Amino acid sequence: MQNLKLASLRAHPKTIIEVGPIKFGRGFVIIAGPCSVESEEQTLSIAQAVKNGGAHMLRGGAFKPRTSPYNFQGLGLKGLKILEKAREKTGLPVVSEVLDTRDVSWMCEYVDLLQIGARNMQNFSLLKEVGKIRTPVLLKRGMYSTIAEWLNCAEYILNEGNPNVILCERGIRTFETYTRNTLDLSAVSALKELTHLPVIVDPAHGTGKVSLILPMSLAAVAAGADGLIVEVHNHPELALSDKDQALTPDQFSELMAKVTDLRAFMENKN
Amino acid sequence: MQNLKLASLRAHPKTIIEVGPIKFGRGFVIIAGPCSVESEEQTLSIAQAVKNGGAHMLRGGAFKPRTSPYNFQGLGLKGLKILEKAREKTGLPVVSEVLDTRDVSWMCEYVDLLQIGARNMQNFSLLKEVGKIRTPVLLKRGMYSTIAEWLNCAEYILNEGNPNVILCERGIRTFETYTRNTLDLSAVSALKELTHLPVIVDPAHGTGKVSLILPMSLAAVAAGADGLIVEVHNHPELALSDKDQALTPDQFSELMAKVTDLRAFMENKN
Amino acid sequence: MQNLKLASLRAHPKTIIEVGPIKFGRGFVIIAGPCSVESEEQTLSIAQAVKNGGAHMLRGGAFKPRTSPYNFQGLGLKGLKILEKAREKTGLPVVSEVLDTRDVSWMCEYVDLLQIGARNMQNFSLLKEVGKIRTPVLLKRGMYSTIAEWLNCAEYILNEGNPNVILCERGIRTFETYTRNTLDLSAVSALKELTHLPVIVDPAHGTGKVSLILPMSLAAVAAGADGLIVEVHNHPELALSDKDQALTPDQFSELMAKVTDLRAFMENKN
Amino acid sequence: MQNLKLASLRAHPKTIIEVGPIKFGRGFVIIAGPCSVESEEQTLSIAQAVKNGGAHMLRGGAFKPRTSPYNFQGLGLKGLKILEKAREKTGLPVVSEVLDTRDVSWMCEYVDLLQIGARNMQNFSLLKEVGKIRTPVLLKRGMYSTIAEWLNCAEYILNEGNPNVILCERGIRTFETYTRNTLDLSAVSALKELTHLPVIVDPAHGTGKVSLILPMSLAAVAAGADGLIVEVHNHPELALSDKDQALTPDQFSELMAKVTDLRAFMENKN
C-alpha cells in the first residue's frame, strides 16, 4: 500500500460523505432498488416499496454493462428521467452507473451518487473524469482486483480532486460455482485498517442467490461495513436482469428490520 | 449436489455431534489453542489460558503438514501425550490433525476430535479410514475446493458409517495477497441450506492476520456458523508455526466476550 | 457460446485482417516495441532495432493504464506523434492502446491498429465506439475473463459494424506468483474451434519474465497462434514500465529466428 | 525457492530417471493408456493399441480418487494384476496411482512408476513413504498449488532418499469453464530454470477436451517438456471415467506422429 497518499488511513481521519440527507460513514446506509430501470411503472412501484421498507437511497441502472450485446442494455436517458421522477415522489436520493467519460458531467444532473461498476474499476479515464466533479462516487471492486489495486483506483479519483469516494465490495471471481462470486467480507475489515473511506457491501452480486442475501448482509454488518446495496424487484421472476438475486419487497422489509437491529446492537457494544 | 445421499439436508434433520460434554450444532463452540504443540510447558500454559478465557475445546497440532520438509514437523506421539496431559489438567476435550491412515485408530486414544486438514480434504483413503471409526471428524475445506466437492468428502466419511462430521470453512485460495486466503463466509450460509452437518469457521487461516480475526469471527456468527477454531499462543512472535495469525490470551478473551454476546443476540432474534 | 452470432466460427470462414501490408490470419505476424513511448530517441532507436530484427509491426503505449496514478501515465498525443515518426522511418505499421471513447476517432489518424487493453475488455462503451470505425482492433483478454465473455466483447465490436477484430491472449490472473499471470495457451486452441477471428499471444504480460518469453512464444506457435506481441527495449533496466519483461534487441532477434523456423516447420507439416 | 536444497537446479545437473528401458530426461517419453483399468479385455486391448501407436509406457488407474464415493473407485489389486499382464504382453512399463501409505511397498511389485495424484500432492505422509523406496515417482501438480509448493513436495521425496522424481503439469484450477482446468505450460519452462528433475505434461486433465489435446501436446513439446501422459480408450464413450478427454487409438497414433516430428525438429534446432 506504499503508493497511497490520499486514500490511506494515515492521510485523513474517517471520511463522512453526504449524499443529500444521507451520511456515508456515519450510521448505516441501505440502498435498494431494481437492477435495471425497466419502465416508469416498475421503477416508481419499487421505489415506493423500498421507501416503505425503510431504504435510505434508491438504486437503478439506466446504462447496463451486459456480457452480451444482445442482452437488454438499459433505457439510457429515459431511464435517468424515470429515476428523477422516483426521487421526486419518494424523496430518496438516487445512484446509477456511469459507463462513459462523455456521460459523467450531464449524468450528475440526474443522480446523487455516480456508480463505477466492477468492470470499469480500472477504467482510468473514467476514474479521472469522475475525479473532476464533486458528485460522490460509488467505486465497486473489480471482480479480479486486489485490495491494493482497488485502493489505487480510489486514489485516482481523490488525486483529481473529488474526495467523495465510497467503496463497495461485491464479490471476487473464484473457482466456486455455487455462488456467482465469492463475497470477500475480510476485505471490508481490511479496508477499515487501510483507508478512511466508507465501505459498503453488495450481497446480491456477491452471492447471486436470494437465499444468501440476508445472512451475508448480517455478516457484512458484523464485519464493520457502513452500508449495503441490494436489488429489489416487485416481480423478480420477470426482471430483465439479475432475476436470481432480487429480493421481493417483503424480503427487503425483513432484511431491513434484521440489519437495523443488528447494527444497533453492534453500535451499543463498541 | 445430485450425488449427495447422506450429507444432504433432505436426508436428515440437523445433526448434533457430541464431543465429550460439547455439542456441535447446538449452541456455539469455540476451539482454541496453539497451532503446534511445541513443548509441555507451552501447551499447558496456553491450555490454561484458553480455558480461563472461556474456550470449550483445545486445539494443538502434533503432526504438522508443512510446505517444506525443513520446517518444524510437529512432535508426533510426544505431542499427543502433551495434549492428553492438557486435557487432564483443564478438562477441555482435544482436537488434533491426522495425516496418515495408519495413525487413525491409535490417535483416537489421545484425541476427542480428529481433524482432516485442508491439504487432505480429498485424501480419499484417509476419509474412508476415519469413516470406519466413531470418533467425530473435523473436515476442513480444501483451499481449492468447491462446496459440492467438500460435501462429497463428508459423504465419503458418512458412507463408511461415521455420522459425526463437522465442517470447517478456512478460506480458499484466490489472487488476493493482503490476506493469506479468502474466507468464504457465504459457504457457511450455503451449507446451512445444503446439509444437516455443523459448520464452524477458522478465521485465522482464513485471513492470516491477527487484526482480521475478531471482525471475521463476528461475521461468522452473523452468517450462522456453529463455532470457531482459533489459534492462541502465549508468545505469538516465538511460535514455531503461524505466528502472524495467533492471538494472545488477552486478545482471545476479548474475542470470546464479543462473540458470546453477539451469538446471544442472534439467538434471541431468531 | 449460444449468444454469439457474428464472432462464431459457424457465422463466417476464417477472417483475414489487413493492417497496411500485414495480414493477420495468414502467415504469422510479430509485433514488437517498447511498452511505453518514453522519448523520440528511445522509440526511434527501438523501432529501428525491431525492424532490423524482422518485426512486422511496431507497438508502443502513449496512454498507459497504470495501477497507481503516481506512475508514468504515458506521453499522450506527443507519444502518438513519435510513433508516427517511427512508422515513417521504418515503414512498420503501428499499434497503440486507446483508453477513452473520446480518443477513438482522432487516434486512428496516428495508428494502424487500436488496442483495447485487458482492463478495458469489458468497457462496453469503448467497445461500441471502436465498433463504429473501420480501423482494426486488437482486443486483449481481461485478466479475469472467460473465453465466452471475451468472445462476447468481440461480438460487441462486430455488432457495431467493424469486422476487424484480432484477439490477444495475455494471461489470466491465478494464485501462482512465480509468473505475473498464467498464460492460457489452451485458449488459443479453443478459440480456433470457436471463432474465425485471428488470435495472437502476448508472452511478456502472460509471464512477466524475460526468461519465459522465448519458450512461451514457441509454445504459442505450436498451439496455433497467428502472431505474437512482445516488448523490446534498448535498455530494459531503465524502462519506465514493464522492465522485467522487455527483451533486448539481441534477444528479440533470436526469438524472431526461432519462431520463424518453427512456424515454417508447422506450416509444412499441416 | 529458498528452501530447496535437493530439487534445486543449483544442487544437481539434469537428472535422468530410468524406468525399465525408458529414460525420463533424455529423449521424449509418451505414456498412454486408459484412465481406469476397467477389465482385462479393455486394458489388454488398449495396451496393445498404444504399443502399436508407439507409446513408451502404459498408464492405468487401479485406485481411483473420485469426487463422489458413489463413482467407480477402481478395481484395486485386481486392476494391478491386469496391468501386470498388460506389461507382460506388450513389454511396456506401467504407471499407476497410489493413494495410501499402506499400499506403497507392495504396489511396487506391480508397477514401474508410482503416481502421486494432484489431490495428494501435499499428502506429506504419502510423500515421505514414497521417499523411502527407490521406485520412481510421478508427482502431479496440485490443482491449487504454486510452482514453489510443488517443488517443495518433490523435496519431501528427495529428502527421504528417493532421487527419482518426475514432475507432471496437469492444469490448475481457475475461473475458466470452457476447459476443465487451465494448463500452465509456463510452469514447464519455469521448472526448467528451477530444477533438474524431468517434467512431463498431462494435456487431457489440463484441458478436459479431446479437441485440445493435440495442440496442447505440441505446445508442451515447444515449451520444453520431457514427455506426455495421455488417456486412450478403445470406446471413449463407454469409459467409466474421463470419457470426454480420452483419445481413440487412431487419434493417439496421429498425436504420436506429430509430437515425434516436432520433437525431432526442436532437438535439431537447439
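Chains here go by letter, A, B, C and D, matching the order in which they are written, and residues are numbered from 1 within each.
One rule holds for everything that comes next: a contact is a pair of C-beta atoms (placed from the backbone, for glycine too) under 8 Å apart; a residue touches a chain by one contact, two chains touch by 3 or more.
Model, not experiment: these values are computed from the prediction.
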| item | value |
| --- | --- |
| Intersection of the contact lists for chain B and chain C | A, D |
| Most remote chain, CA-based centroid, reference being chain C | B |
| For chain C paired with chain D, centre-to-centre distance based on mean C-alpha positions, whole Å | 35 |
| Whole-Å gap between the CA centroids of chain A and chain D | 48 |
| Contacts with 2+ other chains: residues of chain C | 144, 173-175 |
| Chain B - residues contacting chain A, complex | 144, 146-148, 172, 174-179, 182-190, 192-193, 206-207, 209, 211-212, 215-216, 218-224, 258, 261-262, 265-266, 269 |
| Chain A contact footprint on chain D (complex, rising order) | 173-175 |
| Chain A to chain C touching residues, read off their complex | 3, 5, 65-71, 99-102, 119-120, 122-125, 142-144, 148-149, 152, 155-156, 159, 173 |
